[in-house]
Amino acid sequence: MALALQQLINGLALGAVYGLIAVGYTMVYGIIGMINFAHGDVYMVGAFIAVTGFTLLAAFGVSSVPFALLLVLAVAVLFTSVYGWAVERLAYRPLRGSSRLAPLISAIGMSIFLQNMVQLTQGARVKPVPPMITGGVDLLTIDGFTARLSYSQVLIVLVTAVLLVAFTWLITRTSFGRQQRACEQDRTMTALLGIDVDRTISLTFMLGAALAAVAGVLVTIYYGVVDFYIGFIAGIKAFTAAVLGGIGSLPGAMLGGLLIGMIEAFWSNYLSAEYKDVATFSILILVLMFRPSGLLGRPEVEKV
Amino acid sequence: MPPLVSVGDAPTLVERGRDAAGIALIALLLGIPMIGLSTVDQSGALRVLTRWPLLGVFVAVAFCGRLLLRYALDRLKSRLRTRGRQAAAASARHGRVLTAVGWLAFALALVLPLVFADNRYVVDIATTVLIYVMLGWGLNVVVGLAGLLDLGHAAFYAVGAYAYALLATQFGWSFWAALPVAGLIAAVFGLALGWPCLRLRGDYLAIVTLGFGEIIRVVLVNWTELSGGPNGISSIPRPSFFGLPFAPSGNAPTFASSFGLEFSPMHRLIFLYYVILALSLLTNALVARLRRLPVGRAWEAMREDEIACRALGMNVTNVKLSAFALGAMLGGVAGVFFAARQGFISPESFTFNESAIILAIVVLGGMGSQLGVVLASLVLVLIPELGRDFSEYRMLLFGAAMILIMIWRPGGILAHREPTLRHAAAGGGHA
Amino acid sequence: MPEASAAGGVMPLLSVENLTMRFGGLAAIDDLSFDVPAGRISAVIGPNGAGKTTFFNCLTGFYKSTAGSVRLNHPELGVLRLESLPSHQVARLARIVRTFQNIRLFPKMTVLENLIVAQHNVLQQASRFSLAGLFGLPSYRRAEARAVDKAVDWLRRLDLIDKADVPAGALPYGTQRRVEIARALCADPLLLCLDEPAAGLNPRESGELNELLLRLVKEERLTLLLIEHDMSVVMNVSDHICVLNYGRKIAEGTPDEIRNDPHVIKAYLGEEEEEEEEEDAAGAVQAKAIGART
């Protein structure tokens, strides 16, 4: 029981991170109908900026954790969204209107480029970050096993919840949200109505990158290790989460993220940790086979 | 009064400067966290390292580069406008030129190891290029002809390689016996993957095939009893020259002794080169022939419009499965050769990067174009090789090249498509 | 022929009974019953959004209808129930071949290749899992030559022969429409369903289309079913017209009957303009239809 509770907590925290990345996939897919293949690497860039940020603040002797956290979040979001912008500008915009494959290839190129750039400029070795948020609450002890809710897990879930609310508001209530949804439905018509479609798409990439940056910061705090390869696996899992939840749906992405996180946590603990990635991919395949519109997505009627 | 709308005015110097300054600002923002700052591990704790001069150089390069690029593009655009139409006439001759280039490439490939008989490096690289050509031609069936986006081709490559490695090390099968069997095993895996993917379209298919590739790799890493885990399988037997091994003369007859040659390790390399050349030519002949058959036309038609295919009574399921199975089989055969050439395989060789490279070869070459695959393999294998002097930049260059080539030619380097049959050629036309 | 129905007393090739198609709560087709007489030209007309294309999609197996049945009296196979067949079987077994409102050619393939692909099933059988084809056996080569002959024959008859080697996507719109019809004809249809064949054609081209349709019925004894907005085509060639509005059949009959049907006029002109019923109905229908197109 205590063990299960612990897995539930771990799964929630992990799932929240996947969910944040998944929102970026879902928004970009919604607006241009394509997978942003470099999104996982944008998240990795965010995590590296967090590592540098925390180290820098520590060097300057900043000891207030909330202040350091807020500052690093802000800086990571700022710089990472520039990366999001650059990905769209270089790998997607020049290829808009050509075949579906071309932007996919350029995005894969972008992903390889980012990974190797980070490896070159930041080093190939794993970066250890000293734990900043320690401690937690013991919830339940049964048979000598104590389920523990750490403060960093609380932070992850809280930040994610706040961002999800903020994003839902942004998409459903603001003028940008309306423009964004209009572009999703019909880009030509939106442009005819005098809305700058390019700007809307750029902003969507930047927002996705901003959320990925937050995920990167949270992961840095939670796990304390970052390397240049984390973007790939996290990216696929987050994409799986987006598909599971129903691509194009914001709450769906979050729900998918949480489910993937939990499945991974429980699978690692009760079945086998080595095959946890196989579990995720199998879920992806099963969902796409039997419910391609995902849990919360609207079923797509084939246009004939 | 200035005109309300002006067309074709060249931007002023100030405008150019402002544009370049914008790019420089972006470069600065991109560069600060990655170039300007870095962390190093010092006795267990991280320390920040600054590289501001390097960042300055980067931003300056971005500024000047943007200025020059814009200028060059504007010049190019105005020149293209003046002579736009010549391209159309040229494309008619395209087909014949390409055929000639193809034969020339074939002739060069035939004599290459004879010319470079002492140059181990060249023959090795040429063999690598041919492996990618073969992989590219296999994937070309799936992606280029059938239009199914497959990001997990390395999985079939791995299946072929491991099938041969296991058959050879566990059961003592020879290379030539294992070749077709491993190909068939890979084809079965292709069907197994193809079946669940039948209903998926475009990007979803891409991500599922990617997932499948990762599943295979994770299984290979973890199923130690079968695959040797991360250590892989070593001492895989090399192919012999129809029973004659490539070895220093001993008691048993060897290749060198039978032909009265002095033993040289180059013999095996050259032999391997010709084996993969023959395998890829066979692949090419097969695919080129299939393209002219109903199944090949069905692949292309499905790529063009799946719904129209169904409306014409085509069983799209079978068409897709046949493409998957054939592509997987060809990938598996390439895997067998890879295992036999290396003598050692591990899951490291079959990562997602490998799948991405093979897909890049197909798409960069020009979807469906067999010669394009050759060109793209050359480019993609040689770029990292040329970058060997500064080897850490290899993959960086590779990624950048993928982006740039796509922007330059979204249809691939050779986007020309040769019809599978012509009315005029059949003598029926008055044209 | 005692029955003086609109079908003109001809045995129906296709009978649609109580067909219903719902998307969520919305019934795109609502309890539609309708017969397509063999060897005639039938047309389905109706304002935009009346459910015409949805009807075609149900008929050809692209949508699974919510309720109702579609039966085909196949000359060799007897009665086939189409609602349970997947789309490719509708074309292959039932030999119902369709064209699309927004032309669906294989744009990078040449016109001739498009027409050869339409004969895929015949050729695939002749190639015996591609083996006969791979080895170039004479049986396959003969089959391919026959397929090419058939394609060339249709290209000649539709005046497309000089375009045989041109990629289909490079042709002008009106020509693409003709290629799509030629391709459908190569698939050897019993029933040819044309979804707005005259859309985007100029008056001369739509006149030629009229002739072609009449010729197909007369010479090939084909049965045609059209969806059309262009009243000059519908009224001039159809033997039998079914009018849909909001997914329901509101009238059925010969062109003359339809022209004077008050429900039809109301559907096209709207309820509040009922006083205009006295005007020349046919002219009004036509004017409205042209207005809808432009």
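Per-chain residue numbering starts at 1, and chain names A, B and C are given in the order in which the chains are listed.
We take it that a residue touches a chain if its C-beta (ideal position, glycine included) is under 8 Å from a C-beta of that chain, and two chains touch if they have at least 3 such contacts.
A quick note: this is a predicted structure, and the numbers were derived from the prediction, not measured.
Among the other chains, the CA centroid farthest from that of subunit B is the one of C.
Contact counts per chain pair peak at A-B. Innermost chain of the displayed assembly, by C-alpha centre distance to the whole-protein C-alpha centre, is B.
Subunit A and subunit C, compared by their mean Cα positions, are separated by 48 Å.
Subunit B and subunit C, compared by their mean Cα positions, are separated by 44 Å. Per-chain Cα centroids separate subunit A from subunit B by 30 Å. Shared interface positions of subunit C, i.e. residues touching 2 or more other chains, are given as 62, 100. Shared interface positions of subunit A, defined as residues touching 2 or more other chains, are 302, 304. The set of subunit B residues that touch two or more partner chains comprises 307. Listing the residues of subunit B that touch subunit C in their complex gives 286, 289-290, 293-295, 297-298, 300-301, 304-305, 307-316, 417, 419-424, 426, 428-431. Contact residues on subunit A toward subunit B in their complex (touch as defined above): 29, 33-35, 45, 48-49, 51-52, 55-56, 59, 78-79, 82-83, 85-86, 90-91, 94-95, 98-106, 108-123, 125, 127-130, 232, 236, 239-240, 243, 274-275, 277-278, 280-282, 284-285, 288-289, 292, 302, 304. Note for the complex: subunit B touches subunit A at residues 26, 29-30, 32-35, 37-41, 44-48, 143, 149, 196, 199-200, 202-204, 206-208, 210-212, 214-215, 218-219, 221-222, 307, 352-353, 356, 359-360, 363-364, 367, 392-393, 395-396, 398-403, 406-407, 410-411.
The residues of subunit C lying in touch with subunit B in their complex are 60-62, 86-92, 97-98, 100, 104-110, 112-114, 116-118, 120-121, 123-124, 127, 130, 133-134, 148, 152, 155, 161-162, 164-165, 167, 183-184, 187.
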